[in-house]
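What follows is a set of structures for review.
In the two complexes below, chain A is the common chain; its partner is chain B in one and chain C in the other.
Up next, the complex of A and B:
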């Protein structure tokens, strides 16, 4: 019974000795505690599920007989399960966690309708679960990252509309007259996802477009899942957590506000069609995509200089704060990713990398390295505030950080350099398939190694979460607010 | 956790170093400030110039020479494609006999008039050495093929009573011409070739009409 008691007291702590400001912030946290905990829990569980499936898929690449007799676990099913669980399971839940926390905190008032949000989240996760089962049962659709069976789409969209409505209502109910850059990114991401998901479902599932247009719509959607949905959530989180953990405003924040925001939305929404270069579509379509991809150099330059120089300005904090460390890793991954994306979209690069594993290397870097690191850092920041408990073990957090970083580095190097090798071999007129497969084996071993590291990190993450939730409360945790009131942000106009 | 460490930093909690309200206020103040020289501003401008220059040259080089119908991006390929589109084209030369030979087995013809044009007794008249086919006036077989034939008909002294569907709506002029040429020059028949233009003339002349009967066509044998 003490276990249940611990969970109950975790969920409803009664504290005293607080300042008035701190009390109102704690009231905000309390109003979103339950939905946030369920979001973080779903994210953690989906991450473990996705990583396990990714591990099986990567082992199959170098040892094809692994689960070779199982008709449920063929490569063609395991691979889409991995990506879909990763995107709609882990990253969606983790991104919405940050969005909900940021909107409630920046709104400055307690958020209502927590039950409504929880129902929408549950519906979303149940639908994702059914989608995964549908893929394993062989009902998958042939479109990248839209492999869920057709009946899942409307349910996912309904759940998303619920979540989006809650976010809009919370944003609407804010007490401050101004809005912060994070809020813009979140709102933009919510509207973009509704747009790209309905468009893709309409043009691929309901009324399938004919011929090359299908591939065009699909590549547009795939790029936008990152560019218009996951990346904006990540930017929002970074922009909020940087001043929060470093105690200084983001360097050159002004240029964020307009130029970076709008140019990112403009260019990211077009950049997906670049991957159709050399394809059976009029050449101007893919050229527009390449120019848009190159245009991402503008927001990427602004944002990466802002993020990195803010972090380096207060470098000492990074060693004290786990959140800031995760942010630093995410920002470095962002710089590398954008360099590879911008110059990888050019026709000469695509001539080598187009049909290789290079692209999935970029997605690993984007999802595990950039978004994953930032969202994990944010959840480590959010959890103690929700439960008024210390993280149980900083060793576990360190383990998670290094395991995830090592995993991302190994997988990305394996896939990106391996993809270039593979593409160069494929381009030779005398390409021998067996030679290529043998050359790629070392890369595939690197993916397995890297994903094992990532799995260790994911398990450490899960242990932290559940330990935090069920552990005994110390005396101070029961009575006193452990979170000190945050000081005012000092800003001197230069 | 002992009492004296109460006021120290807790390793398990990342301190918030700025309150939410002050973040919003600082943001609003920064947005109101005029733009001034700073490293971020400098590099943003450099990036803007870079993408403008890149975009200008890339769109000049890779837009398929502003033709939305072009699918290839290399200039040499585009020139080759243009040459192919503009290649000199004379009138099309049809091999009517070959067209007819292919169609004769592909369409229903062979089913009734048989592979050697011998027909079926009582039902479908023969085509081989039939006056109806090898008639000096090529318009007779053309008319029958275009509009069909129904009712009793006498061919080579034998009586036939069948029903042939009109093929005018289904086949193009050169296909009709091919079929007529084929039956007029096979199985020992040695009549003249029929061309596309001749078929077009007949088609225009008879227009859309019901199937012929043998009585309507007796004028050819007078």
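Up next, the complex of A and C:
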């Protein structure tokens, strides 16, 4: 028993709930309250904006006359706005929320320079806003997820350096000499993003490489945004929140975390080019991508076994805690995603799905299902602690959970199975493209339906946030004892 | 175990390795190609685009046409050749003139690498942009009517006016005039042709197999 206790407290030192600890944790939370609230607020607002643009784009796919007269809202502009708002708006803010919270909490000491962080975050969000206006105004670049006009890149980079510096300083100031797995993942993600973003900006925007190489740089960047930036943040969050919400250490954390960490980074960084099969680039490049994708089986299996067995070990607790429920959904999405990703990279699968909507189906699953679910769960964990209030309505949280889950399921099925159908017609038959569009209509309707669900979830999320922010503290919430760094608060919350 | 500098170094090595192998090496291989001169095929290859077509290219980029249209032909897989979307594989040299490559990776609509060959008529493209239902009924391509001006006919009808078939035509006394953007985009479409051979670009599976057999024979001797 003492062994488990030791592991438990070494993984998350705040779990033992002594008064002294509790006070220091409160002080840590207080030191990052303002920047965290602005991050969460930005994430919520960007999610709503992104979903609305995604909805417009998906409606245009089956009813092209929707907003048909508007040059600003033409499909070719709305679609990149959706993805950019989703990635640089929602996921970036939500991911940094978790990073900041985790680094401060795991560092064990109050974080300084909150103003500096807030300025960097504001700069980032303003730059994303200008980027989106730029796309709508017709200044977009033809690179996937890098459509923002050229002037936005340096501003985003500056803001990111500011955020990254704050994170590094907080990590440096930690009181424990060793570091936690969550911290590795976050640090790795921050380093990687700085590099992949600079490289992509240099080779695509500032000094463009020759035509065909640009697509190579682009697909390398796209895969790395997920593999080296968003996924590591998500792993960090899961590894931190699992013991917190379940009250038990992560299964096998002593042995597997190190291996999974390095093998994930290695294989994920090479895997992006698998989708370039048969394009105007040397064939061996995409073969490297296929091999690396298969390498991902190792960390993906390790991590999913770790996550799922931790969750199933304490299955009875999951439905009592809003956060644990979101984690479960996120982990299941991760398993499905990795299966589809690894086997979808094979030449024979590429021969069917290349250029179809299959890939965007995987991104929906990765962003809304995997990362989105985990980040949302984390924000429901962080908010009550930051504000010392309980979640105002468990019905809203339930609504959000089910709406978001249903949305992800409907959109992913629509795009992934629809993409296979579309790809088979596109790549293996000579059916007319008009016929293909006709068979795809049901898939397009499914995207609209799914995104409507997701929008409902996003609005519920926003209501929870603002309700929590403006409501008065009840009597029990005014006492210090509400902030118990044990799972109790979590169980009561929903 | 994992200290900050160690992670920094490890991640640095991994990212640099993947960049070197996946981006830098191909760039050395096929990233410094030059145009070739072939008098038999009409001078410098690949042919560049100029004037209105070049402006049309900017319009194509602005409107995000790349969201649904690729500009690459594959021979080793897919049915691009059977569909008549091209006659040979697209290779890196085809794109050396493109500062912003519009190769694309999504085909909700057809590939456009060779559209100028399939649809040489600029008027067809103008009608298609004005309302895709005129030329391709059932298409989910958005109409780009905002690239056209519908105006009252004063005196003689304009020679530039589009000849639009009945259910789509504007009401009597009105005419539809394509803007400069619409004209440019149409000439860009007409300019998209891969009508030249490059030595490194195989024409189809059959020819590739022949070449391979020939090479193997030579190697055996």
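Throughout what follows, the second predicted complex is superposed on the first by the 460 of 494 C-alpha atoms of A that agree within 3 Å, B and C clash if a C-alpha of one lies under 4 Å from a C-alpha of the other, contacts with A are read in each partner's own complex, and residues count from 1 in each chain.
By our rule, a residue touches a chain if its C-beta (ideal position, glycine included) is under 8 Å from a C-beta of that chain, and two chains touch if they have at least 3 such contacts.
All of these numbers come straight from a predicted model, not from anything done at the bench.
Colleague: Could you look at A:280 and tell me whether it touches chain B, chain C, both or neither (first, second, both, neither)?
Modeller: both
Colleague: Which partner does A:442 reach: the first (chain B), the second (chain C), both, or neither?
Modeller: neither
Colleague: Is A:252 in contact with chain B, with chain C, with both, or with neither (first, second, both, neither)?
Modeller: first
Colleague: Who does A:178 touch here: chain B (first), chain C (second), both, or neither?
Modeller: Touch partners of A:178: chain B and chain C.
Colleague: In the overlaid three-chain picture, which partner chain does A:158 touch, first (chain B) or second (chain C), both, or neither?
Modeller: neither
Colleague: Classify the contacts of A:244 with the two partner chains as first (chain B alone), second (chain C alone), both, or neither.
Modeller: Once the two structures are laid over each other on A, A:244 reaches chain B alone.
Colleague: Identify the partner contact of A:313: answer first if only chain B is touched, second if only chain C is, both if each is, neither if none is.
Modeller: Neither partner.
Colleague: Determine where on chain A the residues touched by chain B overlap those touched by chain C, and list them.
Modeller: Touching chain B and chain C on chain A: residues 178-179, 277-278, 280-282, 347.
Colleague: Of all residues in chain B, which touch chain A in the complex?
Modeller: 1, 6, 9-31, 33, 35-36, 38-41, 43-44, 46-48, 50-51, 54-55, 58-59, 62-64, 66, 68-73
Colleague: In the complex formed with chain A, which residues of chain C make contact?
Modeller: The touching residues are 1-4, 7-8, 10-12, 14-15, 17-19, 21-23, 26-27, 29-33, 61-68, 70, 72, 74, 76-79, 82-83, 89-92, 94-110, 132, 136-147.
Colleague: Could you please specify the touching residues of chain A with respect to chain C in the complex?
Modeller: Against chain C, the touching part of chain A is residues 60-62, 64-65, 68-71, 74-77, 79-80, 135, 138-142, 144, 147, 168, 171-172, 178-179, 184, 187-188, 191-192, 195-196, 199, 203, 208-217, 219-220, 224, 228, 258, 261-262, 265-266, 269-270, 272-273, 275, 277-282, 285, 288-289, 347, 350-351, 354-357, 359-360, 426-430, 433-434, 437-438, 440, 444.
Colleague: Under the definition above, what is the set of chain A residues touching chain B in their complex?
Modeller: Listed in rising order, the residues of chain A that touch chain B are 21, 25, 105-106, 108, 176, 178-181, 240, 243-247, 249, 251-255, 257, 259-260, 277-278, 280-284, 287, 290-291, 294-295, 297-298, 300-302, 305-306, 309, 317, 320-324, 347, 380-381, 384, 389-394, 474, 476, 480, 482-489, 491, 493-494.
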